[in-house]
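After this come two complexes, each holding subunit A, first together with subunit B and then together with subunit C.
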Partner chain A sequence: MRYRLAGSVAALALATSACGGGTAAAPPGTAATGSTAAPGFLAVADDKLPAGGALNVAVHIDSGAATGLDPQLADVATSWQLMSLVYETLVTVGPDFTPQPRLAESWENPTPTTYVFHLRKGVAFSNGREMTADDVVGSLKRLLAAKSVWRGQLGPVEKVAKVDAATVKVTLAKPYTPFLAALANVPAAILPMKEIEAKTLDPAKEMLGTGPFKVQAHRQDVSWNFARNEHYWDKGKPAADSLTVTIAPEEAARVAAVQNGSSALAALGNVDSAAMLAGAANVKVATQATTDFYYLMLNSKNPKFADPRVRQALNMALDRKQMAEVALGGQGKPTGVTPAGLPGACDPATLPSATGGGAAKAKELLAQAGVANLSFTLSIYSTEPAPAVAQVIQQNLQQAGVAVKIEQMDEASWSGKVYGKVPATFDAALSWFAGYADPGMVTTWWNPDVAGFNVGFMQADKDLNKLIAAATETPSGAERDKALAAVCAKVDTDAQMIPLVTRPATVAYRADAVSPSLYATEGYGNLLRLVADARVKKG
Partner chain B sequence: MRLLLWWAGRALSSAVTLLGISVLIFAALRLMPGGFAETILGPFATPEQKAELAVRYGLDQSVFAQYGHWMAAVGTGDFGTSMISGQPVAAELWARLPVTAQLTLLAVAAAVLAGVPLGVLTALRARPGGGGVAGRLLSGLGVSVPEFALGSLVVFVVSRYGLQTSGYLLPAAVLSIFAISATARTTRDAVLNVLVEPHVTAAVARGETPWFIVRHHILRNAAGPVLTLTATITAYLLGGALIVEYLFNLPGIGSYVVQAVGRRDYAVVQAGVLLAATVFIVMNVLIDLLVGLVDPRLGRRA
Partner chain C sequence: MNRTTRVKGTARAKRTASVKGTAGGRRARRLDPLSLTGLGCLLLLVLVALGSLVHAGGDPDAIVGPRLQPPGPGWWLGTDNLGRSMLPRVMEGVGTTLLLSSAAVLVTAALSAGFGILAGYRGGYLNELVMRVVELLYSFPAIVLAILVAAVAGPGQLAAVASIVLVTIPLMIRLVRAAAVAVAERDYVTAAAISGAGLPRILGRHILPNVAGTIAVQGTYALSVGISVEGGLSFLGFGVQPPQASLGVLIRQGGTYMMAAPWLIIGPGVVLVLAILSINVLGDGLRDRFEPRETRALI
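Our next item is the complex of A and B:
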């Protein structure tokens, strides 16, 4: 049961499959044969089907954190997913990752540092109270003051002000291109500030939002029951009357649930589950590409990896294509620090490590660094497919004469070992990041002064930090692509946290029970992003 | 007076055992690698957030003080609060008990109703110098097939044919394979031991009917080890059938505690282990009493 808190905000391991009964998963981000999905989608709900009905889905983990249900403090994708059923943001992201209107009907960007949001009329919280500009201003100010991970992604926000009853203005200290993408994620949700300030609502214990559903019942680690929000502004949605989210940590239980129809849709974590479901009646399996990616941490505060040439040698010896093919069943993609699949992401095939000469050159570099018979321990957690990725790393590095001992442990032990001490005592570790919806966002975590979690094993690099800042400040376009490519190359040669391959997600659903909508590529690990569109097929 | 002394002795030894277990689980949890803060708050948590959490749950105090507070609270029936859900642990254990109890009841009932007759039958049909190979092979297989292998297979195959796996029958059936096999083997061995006793030969010589001999002379004398095994299986399952609960996604005590171990949710694990230990001890005391009633010789020995 892997739930990657992950240094990063892990995303949920999802899988999606499209197409005919029990088909194996298609390549990530593509609709399976026979699908009528539009570009950018794995599946599009059939709106000719009548609305109504009860929808049951199964996921592997509940939202569970000491910070409770407060969306602003949620730092894992599994929590974002559940909270997104109740809460909404000013903007959202489309299938191509462009910002789309949500609670803001439109916005203007009169100067590079000013955003003016025009709020949608007729939006109400599920208690019936109308959402106001004060809720928006209050929510954003609360987030800026919160000890939230997302504060670091929101950028240099200087001021949030109400212009009039339907307009809010945000001023940045300097241009920040990922601002709208950051606003599109659950921690930036609009909260019922009137109730929170009056202390009639504790957002850590109760969810009350403007989203399509409201909570009816929740039993920790067992299930959530949601009912339609009768005050929802997007008339006709949600299509289903109710939604039950069953928490089933064991993959076999979710496979069984979708096979026997007790769940109409299930998120799967193991790339082999698609094969298990092959031939199951009325079951479609699809693979959703995500911007999440695995990365290798080399502890540069450990003498073994203090010399950049050693780290570069290891990076050069890694075969990302093999990782994608062998460990991820051909469903992952090699990536640089800008997640493959996002517009403007760099091409990993052009990076120094990819063009440097492979294992032979790696051996030379190690010899130049005076290192012979290098051996180290790679700490990983036991959830698949991380062990498979680690095994490919082990084999790759063996070609360069480096011996890797894989140390597999449970997630809590792994977290304690990797994040628990400053300076860290491990040699190397494997994990994954959620890749988000803008190629510049995740690069922020390569600055340990901002990220915090990696100060124990990563040296700050002023040049890299400048490049990261430049990439986030440059407006989208060719110039920004160049700036992002420079960040990619620098991260690649710095090789303290080495990006490897994207992490696919898989979903299985009953074609006779539900007609869902699913993006082909997801940035925030949200399998249920379009669940309000899903049509329940009644027997 | 002797009975009172016996009870006092058992109560004292049970209390000491529980105390020892409480120390062991408390220490083991704190010696496990991986801190609660990194696990529960995530890697992005600041030192201030970690400190706040520690203060909120009293984890900033010395381990001796923490243990003292825990024991004092347990004495009043307060098993603490889950760091994940913020809910009282006792309430969640209570809510999950029916799931675990029903699973246990079904599996133990199957073990007794199928395992004992099978054991008696195979013992009675046993021939000197061999025989019963198939029975021994089957029961050996039943005892040694891991629950996760059998359970995974059952879940997959049954669901493939569109059948529900959400009730209690299938998971109880998976659990009962081990229980039936172990009970049958133990019963068979116990009956075989009794069969060679002179009083059985005497009963046969007196012309008593086979059923009367089995009921009055064999079963009562063979009951000791079978009852002990049944009690052990019951106590083990009441502590939570971890793997089966997981595979069949049943919200029982076992899955609750396992998830809590993974998250270092101390209060939940401590309460779960203490509960399982208490059930085990109570079951053992009850079985001693029951064995004494069924076979007074053993009762006097106890």
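Our next item is the complex of A and C:
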């Protein structure tokens, strides 16, 4: 459900890679050539450059949520990315995925189930009204009551209360380790509740937040124009006076935009972007290592995949290493359900599918299940590099005697096909999840009772749900690592949604037009996370 | 001259033309060297396509080596972004493109013959209706019409064939109808009607054989248009689905890597140009060979 949660920021996909007869691929998380970025960063904006100027960036898809502009209902990473320019959360994440202060200047965790947030002073919405504790309490209560997919990530919140004008206390029913990481995403943004309750603002139609920018104009699927929020609390930011986000679905158009200078920065999907832009003057390409990962959905409500042995056989036949090396040009990594790269994530090489015996064993398992000449259709969207991953899957499964027909479509059609009907009518589908900043968060989506979006094609597994709950309740440490490993193994054998490989994200920028800041890692599909720091060099 | 003598005479002339080179004082009836070269190239491409069916150049979907390797031993046209050899993929692409285009042109020819001849012979409301529909189809730019079809039918081979048919059918119906109008006024058609021949007999025995040349010639042009449309559709992602290769798919992919891995576009690009050029040259030759003078000016 990349489309719903992980989102289609896919523009950003992947990595620089080998090309031109063996050009060495830069590993994800490495800075652009010639860059002198600090540890944890791909690039750091040069604050000696004067502020001001207009910044133009290009992404592949607009915010396409049917729920409009309400950040609490946003369920795709593309929407989160755009909304993050206007809205802010109590906490954010640093380059090492640790929680960092944002609208909450600090917090305490006096008991495993209590969080006390001390709000930052001098924060105002872009209409000039000061943010209050009531806005924070109201926003969180509204999210808890909303039919938001992110509600499932907040955990067992029991009570949200205002302590004083600058303090808010959240009480949980039981410990929930990913709580701060869940608060760090856009759906948990602080909204102008006074205006919303007075019905002078409809958040589904208009964005009004405390973030660095405010919306000036929007043409769906064409562009967004943002202006500096003059009331922004972090003085000196945003560095740029204005920001234009151009929607350019075609990869070639984004590449051309960077090459000709019409965009200072662009999110790219091709894993060979670095090699392809190697000769372009003043263009730098950098690749973020993300916790996002591709996964294969096998519709277990379809008779073809009702038998767990069939799903396990397919899982066993998949060669994740080949996917990472071939489809992702060496920029991805095999992963289990706990995203590779996050502390505490399980080792995918130890999972039953990796040690089970490969295609030969898969054939045996299929024979045991009484399945011969299995064939199915794999539905994918056309955004790179998903088609490449799908073709490697097809090749892998062919070794096990399974015929896969690939059905490629645009993202909207794909979403309709996969999520549009209950029970779902597709055989199998490919997508990606954002991996977030805590290894237990994404595992929540393997519980259809909590996730909701996958009830059409996934059967709830009580044992797995218990393991997921245990992993999210256990405090970080060896015990939690063990609990996460148990979830990994169970997901691997359940094989209804099969984790595959991580999805790096690539950005190209004009070194003569912008000095950007970019984390080396990202967990929420937000390539524009530090765009307020970017310094415009001309224009 | 009645229809029978005309048809027989034409057939005899065709047979003797290859031997004598001239017939009845008219210019040579054998294909000129350029057209023969086009025919040869086309046959070569057909052989390549047939070779791909038995994986003569290798499995087009198999990952055989490192990705994006330049041409060399083991992958004579280089490898693509998934480490697949480009040689079998280009061969498969030729087959896919020729097959889709040919199938579409056959459908176009059949429909055009039916509607064009009927409209040309019967005239009246039927003629008006057919021509207005044709004009409606004509009003859409080819690729826009193709995208519209793909959007309705969904991406894939069916969409590609339907698109090619809709793009190529307007011109062919017009030309067949015009030829049919001219033939319908001939004495032998009138004589057939007076002698009590039914509509199917008149259309099938008296008019169709005399507009067949127009259909054949226009078919070659439609084939080149079809190849272009398939290429355009696949280039936009509405054509054949991965991993199947078509020339359009390969060119689309190659365009992305044009600077870093030019071999990805050179192979399919050269073959596409060769195919379209060959068919156009052959079409010109066929027109000179078969087309009646009165209908030649229509093309």
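Note that in this section the second predicted complex is superposed on the first by the 502 of 539 C-alpha atoms of A that agree within 3 Å, B and C clash if a C-alpha of one lies under 4 Å from a C-alpha of the other, contacts with A are read in each partner's own complex, and residues count from 1 in each chain.
Simple rule for what comes next: a contact is a pair of C-beta atoms (placed from the backbone, for glycine too) under 8 Å apart; a residue touches a chain by one contact, two chains touch by 3 or more.
All of these numbers come straight from a predicted model, not from anything done at the bench.
Residue contacts after overlaying the shared chain place A:Val222 against subunit B, while subunit C stays out of touching range. In the superposition on chain A, A:Met409 contacts both subunit B and subunit C. For subunit A, the partner that touches more of its residues is B, with subunit B and subunit C as the two candidates. In the superposition on chain A, A:Met276 contacts both subunit B and subunit C.
Within the superposed three-chain model, A:Val76 lies in touch with subunit B and out of touch with subunit C [touch as defined at top]. Of the two partner chains, subunit B is the only one touched by A:Asn260; subunit C is not. Of the two partner chains, subunit C is the only one that A:Ser382 touches; subunit B does not reach it. In the superposition on chain A, A:Thr246 contacts subunit B only, with no contact to subunit C.
By the touch criterion defined above, A:Phe453 lies against subunit B but remains apart from subunit C after alignment on the C-alpha atoms of chain A. When the two complexes are laid over each other on chain A, subunit A has residues 252, 276, 409-410 in contact with both subunit B and subunit C. By the touch rule above, subunit A contacts subunit C in their complex via residues 17-23, 251-252, 270-272, 275-276, 278-279, 322, 326-327, 329, 382, 387-388, 390-392, 394-395, 398, 405-410. Within the complex, the subunit C residues that touch subunit A are 61-63, 66-70, 81-83, 154-155, 237, 241-243, 255-257, 259-261. Residues of subunit A that touch subunit B in their complex: 1, 5-9, 64-68, 75-76, 147, 149, 205, 219-222, 246, 248-250, 252-253, 255-257, 259-262, 276, 280-281, 409-420, 451-453. Residue ranges of subunit B in contact with subunit A, taken from their complex: 32-35, 38-44, 46, 48-49, 53, 82-87, 92, 95, 151-152, 155-156, 158-160, 162-166, 246-249, 251, 255-256, 259, 262-264.
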